[in-house]
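Following: one structure in structure tokens, then a few remarks.
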Amino acid sequence: MIAFFVKRFFQAVVVMFVISLISFSIQDNLGDPLRELVGQAVSEEERQALRDEMGLNDPFLVQYVRFASKALQGDLGDSYFFKQPAFDVIMKKLPATLELVFGATVIIVLFSVPIGVYSAINPQSWFSKTVMGLSIIGISVPVFLTAIGLIYLFAIELNWLPSYGRGETTQVWGVWETGLFSADGLKHLILPSFTLASIMLPLFIRLIRSEMMEVLQSEYVKFAWAKGISPRRIYFLHALKNTMLPVITVGGVQIGTMVAYTILTETVFQWPGMGFLFLEAVNRVDTPLIVAYLIIVGAIFVVTNTFVDLIYGLVNPTVKLAGRK
Amino acid sequence: MPLLEVSNLEVCFGLRSGAVKALRDVSFTLERGERLGVVGESGAGKSVLGFSILNLLSRPGHISAGSVRFEGKDLATLAPEELRSIRGNRISMIFQDPMMTLNPVLTIGVQMVECLKAHRKISTKDATYIALQKLKQVQMPSPETRLEQYPHELSGGMRQRIVIAIGLLLDPDIIIADEPTTALDVTIQAEIMDLMLNLCEQNNVALILITHDLGVVSQVSQRMLVMYAGRIIEQGPTKEIINDAQHPYTQGLMNALPQMAIPGQKLNQIKGTMPPLQRIPKGCSFNPRCEYVLEVCKHNLPAFTQSGNCQVACHLVAELNQEKLLVKEV
Amino acid sequence: MTDSIQTMEPQLSTWQRFLKSHFWHSFKIDRVAQLSFMIFLIYAFLAVFASFIAPFDPYDASQIDIMNSEIPPSWEEGGDELFLLGTDAQGRDMLSTILHGTRVSLTIGLCAVALQALLGIVIGLTAGYIGGRVDSFLMRVADIQLSFSTLMVAIIVLAVFQATFGTELYQQLAMIMLILVIGIAEWPQYARTIRASVLAEKKKEYVDAARVMGFGRLRIMFRHILPNTLSPILVISTVQIANAIISEASLSFLGLGMPVSQPSLGSLISSGFEYIFSGAWWITVIPGVVLIVLVLVMNLLGDWMRDVLNPKLYKG
């Protein structure tokens, strides 16, 4: 277990190092911090002096080390637009994005597992065939069109649900601003969550179905039938546990993809999360904010991947966490 | 009443290209404590026969005609819940490849205890105790630790011992063993076979041993069936068939054994291969490969003829017997 | 399937062999596949001849009159027969714009996938055939690349470029940038599958035979191994084109793709989005439907091919 974490930690450090290098070179090339500070009216000599003073003429490596050591202390520079530390600006928006991802994940798990399992057990039923047909349509509809369709139907035509924003939020433990504990906040969460889930849901249903069908053909499931065990136990213990192994691996990768899709979802619903903020930062060429976003998203990737590997190791007995390659 | 009576069993695989019959007109009986060997080439329908007894055929296979009577109940038409109470309880199965038979994500203990709990009202503690006893019976080294282990932590031989232990858990009346040693190392094949034989004898369990190995059948079974292209072509006491096979196909199998070969000479093979089930020839299905083939073999299906204590499905045997009778009458 | 391979006779031409194949036979009996393929052909035809079919030239500013903006489709109240599918907010004819938009979307999709395939095949063949350290290095890179989602990478790269170049210059380069980004981000899909097939093929005797006969590495790879990896390539490509078109549309929707002056289906939808609340649904809905049908058809074809060819695709 400890070896696993050491190994994982080492990998995480490498990935974060690469991300920080990329981020740094973005910061280095994008926009001139001097212009932001002093404007155009300063002479060339004064500029050079200022550059020297700020260390902008130092060798690349020296500059990078300075950047990295600051970044480690959570100092990623101030946002040009908000005139606040970029890290703080992003962290303030993080809960909104996480709640969105959480909502989508709940929907995916609640729907994909029962539907996938059912259609694997009864592949010939009309329900399974309908699900398979719908899932391929689902895969083919881009997420922003799903969003527009949902807004049009539920917000404009039916007027049941709000079409943008987070609604009412409450403060929990002084740091977490959440919409999960108010009816209005939850109402606002429904459409964006379903939109975000709509990309992954068909993929997961199809994945669970095909893996489960393969497992149901396996010798050990046949042997379980020969032992006279109840069908429920065979489907939900013997088969499902084996089905979940590849699903967990793919799911881990998909969580990363989902973060990318939050940008699209948040844009359509004007959801005040990190993705929306990031896109605004891109349009304003707010470099520190872009860099902060990259680093925080990178960290989320690393953490979720580690977490997924850990769960995989716990479910799959053939993987010994201590002795992983 | 025999313990198990299979009559006119027919198994169909409904494929898109049309239904294929994997078993035709299979009939035999099994008495309590009897050991029956089923031999034939791969694809002859041996394994299908094993699975169809417990009605375990997976889609698109199904029993399309005939019956499998176990203590008078027809397993082919029994309600699923009743069938389940027989599977693993009164009739258990041992599969071919122990590497694939045990669920990789469940411990040995879970896989043994669940089987007991499915058929008996029993506490986990008592079930664990029985499981332990059975592991000792199959001579599993350090049985206590095995219950906590996962299949991948054990060798093939040990896993097959566990599969046998699961087969014996509920003291069944019949064990169906489908090539139980084929996937194992040659060195432990005999060991596992001996173990099975002893356990069956001790517990008075009837055994249906499905194999392509005539040597094993001759050592283990009292009666045997020879299958070809989905049909039984010869059945009777093992000794009689081994010593004096009547059907040309069975004779061919015997002659192909290495024991029959003269050193330095090629083994006697049966020429040709078994036809795929979609293209079984008219008449006797063995006729294209038979060296004694007559015109009648190409048109008419041979009926079973009694020869000694054996039943043989061959025109040639019928004619030979008729000749014998004629000789007697004259 | 094996039957069809066995019954192939060497003297038949490629076309005759194709007509006898399992592939063609399955196509003949599958209505969905036929319909999908027909629709795809129609799309391809419309895209190729867009400039002849379209009643207006949406890139020609002189043909656009702002007074004509937001005219509904001709069958709606207030529609104009001149503009069959209505006009957008700038007064462009929707039909013409959609035809050209389809051309842009398909071009980007096809070129990006061609680039993916090229990179993936070369890298996959190299990794699989050479093996050893080269193999493990390349596959590790593929793993890392895959763990970051394509869309994420594309958004970041395009965002940085847009910020660096400025919007004006970026818009001129948008098409090439989109092809490059989508093309480069997805090569591991191909590389992994090709590598797996190469490893499987390498063990077979004909490769040994070719080597014994003294054929060079490159020749063995391209003449002998590559043709045997054709069916996974075909399946992946179909699905990848669908994915590339969706990626392009998403990026354009975010304002990181094709500019409004030279719209793809995605940027058309994006430009119509703000008018959907005021009732001008056709600017969003019509290109949306055109996009969905195109992607759906590609996915259906991909699904069908996966069932028929049943290649061993790389999983997870």
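Order of writing sets the labels: A, B and C. Residues in every chain begin at 1.
Here is the rule we go by: a contact is a pair of C-beta atoms (placed from the backbone, for glycine too) under 8 Å apart; a residue touches a chain by one contact, two chains touch by 3 or more.
By chain, UniProt protein names: A, C = Peptide/nickel transport system permease protein; B = ABC-type dipeptide transporter.
Here the structure is a predicted model, which is why all the values come from computation and not from measurement.
Both chain A and chain B are touched by no common chain. Across the assembly, the chain pair joined by the most C-beta contact pairs is A-C. Averaged C-alpha coordinates put the centre of chain A at 54 Å from the centre of chain B. Centre-to-centre spacing of chain B and chain C amounts to 53 Å, using the average Cα coordinate of each chain. Inter-chain centre distance (chain A to chain C, centres taken as mean C-alpha positions): 25 Å. Multi-chain contact residues of chain B (touching two or more other chains): none found. Chain A contributes residues 15, 26, 29-31, 136-137, 139-145, 148, 151-152, 156, 246, 249-250, 253, 256-257, 259-261, 263-264, 267-268, 278-279, 282-283, 285, 287, 290, 294, 297, 301, 305 to its touches with chain C in the complex. Residues 144, 146-149, 151-152, 155-156, 159-160, 162-164, 242, 246, 249-250, 253-256, 266, 269-270, 273, 276-277, 281, 284, 288, 291-292, 295-296, 298-300, 303, 315-316 of chain C are the ones that touch chain A when the two sit in their complex.
Only residues 54, 56, 58, 84-89, 92-93, 95, 97, 100-107, 114-115, 118-119, 150, 152, 163, 166 of chain B touch chain A when the two sit together in their complex. Residues 217-230, 233, 237-238, 241-242, 245, 315-318 of chain A are the ones touching chain B in the complex.
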